[in-house]
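In structure tokens below, several structures.
Same chain, two partners: chain A is paired with chain B first, then with chain C.
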Partner chain A sequence: MISIDILLNAVVTGILLGSVYASLALGLAITFGILHIPNIAHPTLVVAGAFFVYTLSQWGLDPIVAALIGLVPFYILGVALYIFYSRVFERRGGANVLQSLTLFFGLSLVIEILLALGFGSELKSVSVSYIGSSLKLGLLTIPYRLLIPALLGPVMIGAVWLYLSRTNSGTAIRAVAHEERALSIAGLNPASVKRHAFGIATATAVVAGAALIMVGPVEPFAGRFQIGRVFAIVVLAGMGSIPGSLAIAVIIGIAEALVSSYLNPSWSPGVAFAILLLGLALRPQGLFGAAR
Partner chain B sequence: MRKTSILFIAGIVIVLALGFLLPWTVRNPFYFFVGYVVLQYVTIATGWNILGGYAGYINFGAAGFFGAGVYLSAFLFTTFGLPLPLCILAAAVFGAVLGLLMGYLTLRIQGVYFAIATLGLVVVLETIVHNISALGGASGMAVYGPRPPAWSPGPSQYNFTIMLVIAVAAVSLARFVEISWIGRGLRAVRASEDAAECSGVPTLRLKLLACALSGAVLAMAGAPYPFYTSFVEPVTAFSLIIGLNAIAMPLIGGTKSWAGPVLGALLLASVQQIATVTISSELNILFVGLVLIAFVAFAPGGLSDLFGRRQGRAKS
Partner chain C sequence: MMKTRREFHKLAAATAAALAAPAFVGSKVFAQDKPIRVGASVSLTGPLASTKNGLIGYELWRDDVNAAGGLLGRKVELVTYDDQSSAANVPAIYSKLVDVDACDVLFSPYGANLSAPVMPFIKQRDLFMIGMFGLAGNDVAKHDKFFHSGPWGPNSGRDWARGFFDLAKGQGVKKIAIINADLEFSKNAAKGGAEVAKEYGMEIVFNQSYPPNTTDFSSMIRNINAGDPEAIFIASYPADSTAIIRGVKEIGISDKVKIFGGAMVGPQYGALLSSLGPELNGLVNSHTFVPEPTMQTPAIKGFFDRYTPIAVKQGVDPLGYYIPPFYYVAGQLAAAAITGSKSVDPAKMAAFLHANSVDTIAGKIAFNEIGDWKERRVLMVQLRGIKGNDLEQFRNPGHQVILDPPSLKTGDLAGPYNKARAS
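Moving on, here comes the complex of A and B:
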């Protein structure tokens, strides 16, 4: 027995959730998809961004304004992380993927614990005037706490995508992963291009964090439940395809919303992972874009 | 080779004899309570290293395999009353199947995807356990362990001896893998997978074998856990610290040989056991995380490599 309003609401909720997931995955689409650095600490950085937004909102700032303020410190944090990462591995001549995975794993744990020690391990949420109410359109009921973060996602993704495809420094970022030597022959420093890219990727984490904490309360270890999602999105989109990541994120969002309205909400954390495993087994090159 | 094998077997016999005799000479059960955890980590680190160290494929989901072992043995014991050794065996088989499945789905592509998939494994298994009422769901289930047999003075000592046998079996398995054709093949995979494949090493089959063995040992490490704590719940069975220690211990000790994970586990687990008495478990994770980063960044070969280099320098 499928009633049309439940189905419709589930699909719309799924699209909106997917849009939020896409903004969570954007930073990873840059670091892992374009630069091929397996930054598994990204979801944790998003949670750190959420806590940054939470802290500023305690002083009465709007979460979106807080996220915009956070762009600068998170960009600097990202640059610092990349400098640490490259210092560690450059001395050994090139990064071993598995060692860098381990490094970022350790890093994400340290960030989580520092957050837990600093803020306590309870759930934290932001309260803004527009968060409590909902938009009603016929059969649809869309809560603003989901609608506004969902609109934030495409705006940020569009901006980053335009930057990467239309500007010179964006083109340099896409080029550095393909051919580092050619880039240095062209007179650009690959290391500084990568630093910049990592900074941008980390800066997106604070906006994604604002979206995350607007959708629902966040605790320091919330990143663990996002890892499956964000990697599913980036990998299935076909490494580095940013519009593709938005499409995949929406598909995952719809699948999760359907599972939680027809089966049980407690099953939904497994959905993205199941999709990822199926995708890897059936189509390892991703659904959009070519594999590299 | 023969001489070291004889030494190894002699070492095992001494360790096992001590394990059976100590419970009768040391009266305080607290030491066995703590010793159990240290031995559990020796098993986990050894199991992880079969795949992570020898083949170079990082498994972030050790807690998933461990938790699967915990829940399977708790379930089999409480519903069917299966004896403990059979529970442990069943956990090993289940872990092997789980490892094989994970490996089959992801290992054909690249190491990164395997690692990412294992990250999700813990979340998925935890979700499944949460949703199965026969396993107690989120609230957990109580397990009343078997009465200790006559040759053991109490439950703490009995669990300790069981874990010691498991740990010894795990280390022996790891050493066998290391010195046999399996280890040679896996080392070739780690050095260069393409080159190994070209020279006729059956890379996929070797990796799957390593996955299965590693999964079996990790699940086996969890099997006696329900009887040790008398209570299982998803949060502790799939705990973050298990996945973290599984990676940190071999990396700290050294991943090339069986002795590395044992050394790392003995060292780190003992420090943690002393530390959790005095400091919080959060600071404990922070400490292990920082040590892990330090070793990955500055001493990727682990302690055994550091010692080896120093000795080499002293000789030359």
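Moving on, here comes the complex of A and C:
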């Protein structure tokens, strides 16, 4: 018999987890979904963001405040990464996907090693007063450890989406994905637009990192376990669909929570890929992507 | 002067013999001077890198042995490689250690997950190996030249956590829940635990595994509560251990639960002890060494007096209770086997360890036929009286009270769990 409180709590937990997944996937939705750069180092950048937040939290700062402080340095880091990527590949006549994958794979290894050297290999976590307590609403018991980071997802995604859809520079970012040459004719430098977009994507990593380290402890190699899920979210949402990535992440979160509650938690890692396969079979361009 | 072909061949043979002679004549001396090579893979990077503090144990042992004149008059040399915490790297590393580096003694990688791939190779090549924390690592291969440095045994697959179930039985527990990570060690611990629970007539009301790196256990904790157990046995890894302990605090657990924990990896390490602090109160968990009066000896104290400053300098776990002493013990076992058998022949070394007990910094160790310790020595400790997040408090007795085995016991179980948690 299905207990209503277990069902309700599973669904809410799934929504919260999905929202955290969406934060993790946002940067990839920009770099891979919009710019078509297969930045598989993004989950590792998220972990680097978590360590940035951890460092500032040692001085008594709240993780969210620490993440806001990290936006600028991570934006600059993203710009620097794109300049490197662009000089290595794009100026030499276009980036081969395999070469790009190799570059970002190597980058993620370098970041992991630097984090391990700098912070050691042990788990790091943040201590905040709200971690460990829960909000009780009738049958629902919602851990603040999930609730607070989950709220970051829609806020950040909403802000990025508003920027991309309501500002000229945001429109330029979306345009560069479709027709780079037309952007040049309009007098804009596509490389500059991409650099800015890559900076924004990397800046989201520090906020996602704050969410990640609030949910649970983090170690330098934690990004490896997120790669599959975040790619599934971006691809299934439809390349470049920012709100779609939130919706898909929540669907995956709920599905994982229900599978964990009613079937077997061991099956939950396969949920994202099962949904991906099913979704792509029904709609190859992604559930929220435009047909091209 | 002209030489015939025959004369030339004679001259060439004589020259070759003259050149080769020193090598044959001096070969005995050279072999005596050649260091004894001890090979191991260590997880310096990757998810298991928190175990790399074990390397300090190896190095302290090597330095001690060499300072005392080596083994059989030969210097001891460590040959180590980083396996990156990946089982895929292990077979190639051990092939190189044996075939290229010509190691005389092998130490296994850390834990069951990484040790499993090397066991068929060790068995096939009939090599001598000291196992490093691979639970039930030799239960399948049953290789007679494999010995555990950690206190696994006897019958470690089944009885590794028997102490937890003995304590539960002592509390009159009839219903138990078991959860475990989908990894070799946790699966073995949970499987053995389930067998012991059945042996003691306990009903297993919830028995489920979960994938590694699960971050939220709220659904599972609710399902456990629905089963109304009186004991909860958990076999988890560090990140999950943290999430489970926090999940229990967030969701709550029934007052009927008398004992909680068992085989949670993580609360043995300084990083988790410090980060979770008082949230660990009441937990009953496995350990290999704690600074309780029944375990403190001059030898182990001397080890930690040297380990701690090195660990602090290297930025690894400054407590180092769980792993590093047993890496030193591995060296002591190898040294005993070599000096006792006066040989580096695998068969002779293994025969010596099977026939003799060895004095180590962790006490006297004797082995059964598959290299398990003959005496059950995994500790079940209860964490108590933890205040704040200061790591130094864990160096004092009374915070990790030994409940089992009876020979090392320093206190009785405080329960039920919710009461012990709040104290």
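In this text, the second predicted complex is superposed on the first by the 274 of 292 C-alpha atoms of A that agree within 3 Å, B and C clash if a C-alpha of one lies under 4 Å from a C-alpha of the other, contacts with A are read in each partner's own complex, and residues count from 1 in each chain.
We take it that a residue touches a chain if its C-beta (ideal position, glycine included) is under 8 Å from a C-beta of that chain, and two chains touch if they have at least 3 such contacts.
These figures come from a predicted structure and were not determined experimentally.
In the superposed model, A:106 lies in contact with chain B only, and not with chain C.
In the superposed pair of complexes, A:231 makes contact with chain B only, with no contact to chain C. Of the two partner chains, chain C is the only one touched by A:125; chain B is not.
Contacts of A:116 after superposition on the shared chain: both chain B and chain C are touched.
Looking at the shared chain after the overlay, A:10 reaches chain C, while chain B stays out of its contact range. In the superposed model, A:146 lies in contact with chain C only, and not with chain B.
Touch criterion met: A:269 reaches chain B and chain C at once. Touch criterion not met for A:155: it reaches neither chain B nor chain C. Shared interface residues of chain A, touching chain B in one complex and chain C in the other, are 113, 116, 221, 225, 264, 266, 269.
By the touch rule above, chain C contacts chain A in their complex via residues 45-47, 49-50, 52, 85, 182, 208-216, 218-220, 222-223, 226, 238-239, 242-243, 246-247, 249-252, 266, 269-272, 275, 279, 315-317, 389. By the touch criterion stated above, chain A contacts chain C in their complex at residues 3, 5-6, 9-10, 13, 17, 112-113, 116, 120-125, 127, 131-134, 141, 143-146, 215-217, 219-222, 225, 257, 260-261, 264-266, 268-269. Every residue of chain B that touches chain A in the complex is listed here, in rising order: 56-58, 60, 105-106, 108-113, 115-117, 119-124, 127-128, 130-131, 240, 244, 247-248, 251, 282-283, 285-286, 288-290, 292-293, 296-298, 300. Chain A makes touch with chain B in their complex at residues 38, 40, 88, 92, 97-99, 101-103, 105-107, 109-110, 113-114, 116-117, 221, 224-225, 227-228, 231, 235, 264, 266-267, 269-270, 272-274, 276-277, 280-281, 284.
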